[in-house]
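Both of the next two complexes hold chain A, though its partner changes from chain B to chain C.
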Partner chain A sequence: MPLGVAMLVLLALSWALLGAETQTEVFGLFGVTAVIAVIASRLKFTESLGRVAVEHERAVSIACVVGILILMALFHEDHFPLLLLGSVLLYATACLGLNIQFGYVGIVNFAGASFFGIGAYTTAVLASHTAMPHLLILAAGGVMAALVGCVLLLPVLRTRGHYGALVTIAFATLFRSFLEVNDTLGGPQGLKIPSLQFFGWDLGEGLIFGGVEFSFYANYVFFALLLCMAAYVCVRRVERSWLGVAMDMVRTDEIAASVFGISIARQKIIAFVLGNLLVGIAGAAYGMMTNYIAPNNFTFADSLILVSMLLLGGIGNPLGVFPAAALILILPEKLQFIQEYRFLLYGTVIIFILLFRAQGLLPRGIRRFFPCAENDPRQ
Partner chain B sequence: MKKHHAKKLFSSSLLALAIACSALNAQAKDTVKIAFVGPLTGGNSAVGIGGRNSTDLAVKLANENPKNKYHYELVVLDDECKPNIGVQVVTKIASDKSIIGSVSHYCSAVAMSALDIYKKFGLPMITWGTVLPDITYGQKIAEIHRVNGTMVNQNEVAAEFMTKLGYKTWAILHDTTDYGKGHNKYFSEYLTKDGGKILGTFGVTADQQDFTAELTKVKELNPEVVYFGGLTPIGVRIRAQMERLGLKAQFEGTSGIRSDSYIESLGNDLAEGTLTFNEGAPLEKMPKGEEFKAAYARYGYDQPYEAYGPFAFAAADLIIQAIEKVGPNRKEVTDELARTRDVDTLVGRVTFDDHGQNIIPLITKYVVQDGKWVIWEESDYGTGKRKLKGL
Partner chain C sequence: MSLDIFSQYLINCLMLGMIYAMVAVGFTLFFGVLDVIQFAHGDVLMAGGFGALVAYAATQAVGIANSWVQLLLMVVSTTVMTAALGALVARFLVLPLRNAPPLNTLLITLMMGMVLREAVRLVYPNGSNPQPFPSLLPHDAWRVGGLDLRVDSLILLVVGLLLIAGLHLLITRSKLGLAIRAVAQDGETARVMGINFNRIVLLTFGLGSAMGALGGVMRGLYYTEITFDVGLLLGVIGFAAAILGGLGNLYGAILGGFLFAVLQAIGAVALPVLLPDFPSAYKDVFAFTVVIVLIGWKPTGLIAEKTSERV
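Let's look at the complex of A and B:
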């Protein structure tokens, strides 16, 4: 019951946020959200909600998917909200990849946008110069990102903490310079990417379904949703498996982990490669959706945005990246009306959120080894 | 239920807003929306805000004119000079059917990424500050127009002018964006043709802070002129660091550094003698120039209109004129803009060729003198009272 209410409120809020255009609407929405948040925390609603959400994980996931489908239906012919929704889903997919690295095994990857870019550039090259089916190209984007990531494996394995982060920062800078001086890859001007096609069906074209016209972005949102679901299921499976337990252990205490016979290198390699694979696939799909990529999209600053989504959502909780990605991508967009001052306000909002929820929007709970409800001692 | 509250509140506020809007619209004229897109945040925000203010001014002046058939409303969007954000905001304005035309983009890469969206949605746009030739000449898109010249024209003039002054050797620094690389390409091409000698070429990244390595090399090469192809933020750093390293060469920039913030950040002494080349006639020489300046002052904008403000003003003006003529219909406005021949605007006569490119023959040369950009011919340097370095 509380879960249903929460989900509906969330749906209504995201509908309003995506649709809000004018100053009054956006500020009204801020106010309403703040009031709801305060009331919910006063009534201890958030706590019970958290507990219920953990118990009914499947229901929550299904509700999220249904919610996005409803949003898609509501905005079926508005290109812009759908483009935003698609971007949120694809960025969230990339964040899921980073979540394996950062949240589970503890590798801080500040080159997220670079791997995102590798996926997109691979797609651009393969889609315009070969006749490969586009689904395979998407996979190739991910594999390429994972392969290039392997170059970084040695330095990442040999360094720890901040030093590891520095390695990835260096890579991000290198990657951008490489793109800018490389004229075969379009140089600083970037490259055009053809739109995604499945078996002769062009996702870049609008669709008429049952007499209702759908924006071509609806295709991409639907596709992004499928990708995102697959990534989410994959990440959850990793988390719940013994692999996830081992990764958690490596993150919390490497020495203890190695004493128990866990190969630290192995866990790190799996996490890094798998994470980059997901980021690369998301990047490939994003490139196809926007039809155009340039090195400026994949700077170190963009990597920071990815990391900040992870932090805002709550490190280690794959569910957290969704609201975080939505906030970070949509908020500055909705503040366009204050023009040059918007990043000021945007920054303030983020700081406030982190002040009141220092652990992120949806912090990761304690691992439950026995998911059956009747065995839970807390009940 | 809470959800109902939220929704009710929202829909009622929406309703109130709609009523308020329709009350406003109840004036005699129909409202037509046009958009402005440019960098309002980040390193290029000074130029972007100048362009925004100028466009805003064009809209306000149009609304003051009782003869106009429509009331205009400006929608301003920030593209952050980033292609992905550009795609987002252009999708936003292009899919909003109430927006009839757009004054778009200062950064060439952003314009490149958004070209297809204008085409797809049939939204006519005039770019007010991008200089990459490919934007108009890369492919033929009816919706795309440009009021300013391309970097080809400005570098042709720059090379010829500098060699005629008697300079012989150059070192070229350029940022590795499309903007800087393009400038390097065309300037080198024309310079070699005019008999100048390039001692060395150095690419620098757009967010680079320290240029000691490059400038030390340049100092060894000892050129007479340091040419820089790029935008104001790096231009300022390079000029300042040249001084610190004791590099005495003449500094020559491109249209990208002709902003008031260039002089403000460097101070009058350091900026003195810097040369740039801009497309279009100088504002002071244009019949409407003084009028524009007075109107800009009258509306009390805090920030200067910068080098590209007049172009943004002219672009907005062209779109408004077209709408006045054929009505608020994207297709018709696109067709009308294609017919633009010898139209008098703030930046001189505008004629769009079949690629939507304005063919302005005129390039104006500027030099910094006592903290101001002065037209070369009128400056103490042009008249021979002062001398550029090394002459």
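Let's look at the complex of A and C:
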């Protein structure tokens, strides 16, 4: 019951936010959200909601998917809100990949946007020069990102902490300047990407479904949703499995993990490759959705934005990346007057989050080894 | 390649190495006392460069025309400003997160860098475009043995060397340096010995930031131009240099700085001569690739930090 109410409220809020056209509306929405949040915490509603959400995880996931489908149906012919929704889903997918790296095994990756870009550029080249089926190209984008990531594996495995951060930061800077000066990849102007096609179905064309016309972005939102669901299920499975337990152990204490016979290198390799694969696939799909990519989309600053999403959502909690990605991507688009001040605002907000709520919006809970509440021996 | 061009490349390379070393020294000092990376460093020194520009405009408005006096005022004001900025970053962003995971400190300072960058871009008039930096040093060239040596480059090189040597003396010979080294070695023991931990940390951050800002002013005087986003690349390069040399080691930072400049020069000049298909625009790609390879070979830097695992 509390779950249903919360989901409806969230749905209404996101619908209003995506549809808001004036800044007054956006600010009004902030006010309403704040009031709801205060009332909810007064009534101890948030606590029971948290408990219920943990108990009925599957219901929460299904409700989220249904909610996104409803949003898609509501905006069926508006390009812009659908594009935003699709970007949120794809960026969230990329963050899910980074979550495996940062959140589970504890390796830092400041080149997220670069791996995203590798996926997108691979798609651009393959889709315009070969006749490969597009689904395969998407996979190739991910594999390419994972392969390039493999080149970095040796330094990533050998270094720790700040030294490890240097490897990915250097790679992000290198990748950006490589794209800028490489003429075959379009140089600073970037490349165009043809739209996605499956078995004769062109996602770049609008479709009519049951007498209602849908924007072509609705196709992409639907596709991004499928991708995102697959990534989420995959990440959750990894977390739940012995692999996830081993990864958590490597993160919390490498020495203890190795004493218990866990291969640190193996966990790190799996996490790094799997994470980059997800980021690359998300990047490939993003490139196809926007039809155009340029080096400026894949700078070090963009990698930082990905990491900020992860941090805002709560590192280690795959559910957290969704509200975080939505907030970080949608708000600047909606508040046109802050467009110019966007990065200033991002920076300030993240600084305050780090100072006062370092665990993020939805912090990761304690691992529950017995998923069913009634079988939990602690109760 | 004629000797003339070679000497120009050599001076350019030395100049860049000096600037990188001055930035890297800051990173290594900060890491020494608190074991953190202060990533806003590059942007602090960019802000210092713009502060120097404001000071220059102020001296012009007051009517001081002597370029040496102007330069002195610029240097003094930018040193004071960046030292204060660095200390503020330490006081309000780095010290409160001492017990948080290192990732948080890295991120908060990265974000601070972004805030500084954007603030300068938005607040400084026409800040999105490159700003001309006054060239206040004499432009004469000395002819030595068939080579043109520009006086301003020589002055900058000598001043840079003196600054680094001065910092070295300060760290190794003075009482303040002793305190900094004590805190770097073991903060708790240093406290027991009666050293004011917070004061030393703030002083170190001020010192490192001021050193970086002087590097920024030198860069401005050398290229007679400054942009709002110069700090990002300088910060990344300085960080790479500090890590390459081995964090917490002054000599390592200097070595790393010059090494990076040499790598860039090789990428820009030597490789295009050897491989005709290699455009010199790939110099950063080349330099960073070598950095990644080197760090894979020596994971704790060329002059390794002495660590022991405490269980």
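The definition used in the following text is that the second predicted complex is superposed on the first by the 354 of 379 C-alpha atoms of A that agree within 3 Å, B and C clash if a C-alpha of one lies under 4 Å from a C-alpha of the other, contacts with A are read in each partner's own complex, and residues count from 1 in each chain.
Keep in mind that, in the parts below, a contact is a pair of C-beta atoms (placed from the backbone, for glycine too) under 8 Å apart; a residue touches a chain by one contact, two chains touch by 3 or more.
Since the structure is predicted, the reported quantities are computational estimates derived from the model, not experimental observations.
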Check your understanding: Which partner does A:Arg160 contact after superposing on A: first (chain B), second (chain C), both, neither?
Key -> second
Point to revise | Touching partner for A:Ile107 - first (chain B), second (chain C), both, neither | key: neither
Exercise for review: Report for A:Ser177: first if it touches chain B alone, second if chain C alone, otherwise both or neither.
Suggested key: both
Check your understanding: Is A:Phe80 contacted by the first partner chain B, the second partner chain C, both or neither?
Key -> first
Review point. Which of the two partners, first being chain B and second being chain C, lies in contact with A:Ala140: first, second, both, or neither?
Key: neither
Check your understanding: Which partner does A:Gln189 contact after superposing on A: first (chain B), second (chain C), both, neither?
Key -> first
Practice item. Please indicate which partner A:Cys64 is in contact with in the superposed arrangement: first for chain B, second for chain C, both, or neither. Key: neither
Practice item. For A:Leu8, select first, second, both or neither according to whether it touches chain B, chain C, the two together, or no partner. Key: first
Review point. Once the shared chain is lined up, is A:Ala271 touching chain B (first), chain C (second), both, or neither of them?
Key: neither
Practice item. Enumerate the residues of chain A that count as touching chain B in its complex and touching chain C in the other. Key: 177, 180-181, 340, 343
Review point. What residues on chain A touch chain B, complex-wise?
Key: 5, 8-9, 12-13, 16, 22, 24-25, 28-29, 32, 36, 39, 78-80, 83-84, 87, 176-177, 180-181, 187-190, 192, 215, 290-294, 296-297, 299, 333, 336-337, 339-340, 342-343
Review point. If you look only at chain A, which of its residues touch chain C in the complex?
Key: 102, 108, 152, 154-155, 158-163, 165-167, 169-171, 173-174, 177-178, 180-181, 255, 300-301, 304, 307-308, 311, 340-341, 343-344, 346-348, 350-351, 354-355, 358
Practice item. State the interface residues of chain C toward chain A in the complex, per the touch definition above. Key: 31, 37, 93, 96-97, 100, 102-104, 106-108, 110-112, 114-115, 117-119, 122, 232-233, 236, 239-240, 243, 247, 279, 281-282, 284-285, 288-289, 291-293, 295-296, 299-301, 309, 311
Review point. Can you name the residues of chain B that touch chain A in the complex?
Key: 1-3, 6-7, 9-10, 13-14, 17, 40-41, 45, 48-49, 52, 76-78, 81-84, 87-89, 91-92, 94-96, 108-109, 112-114, 116, 132, 134, 176-179, 181, 203, 205, 207
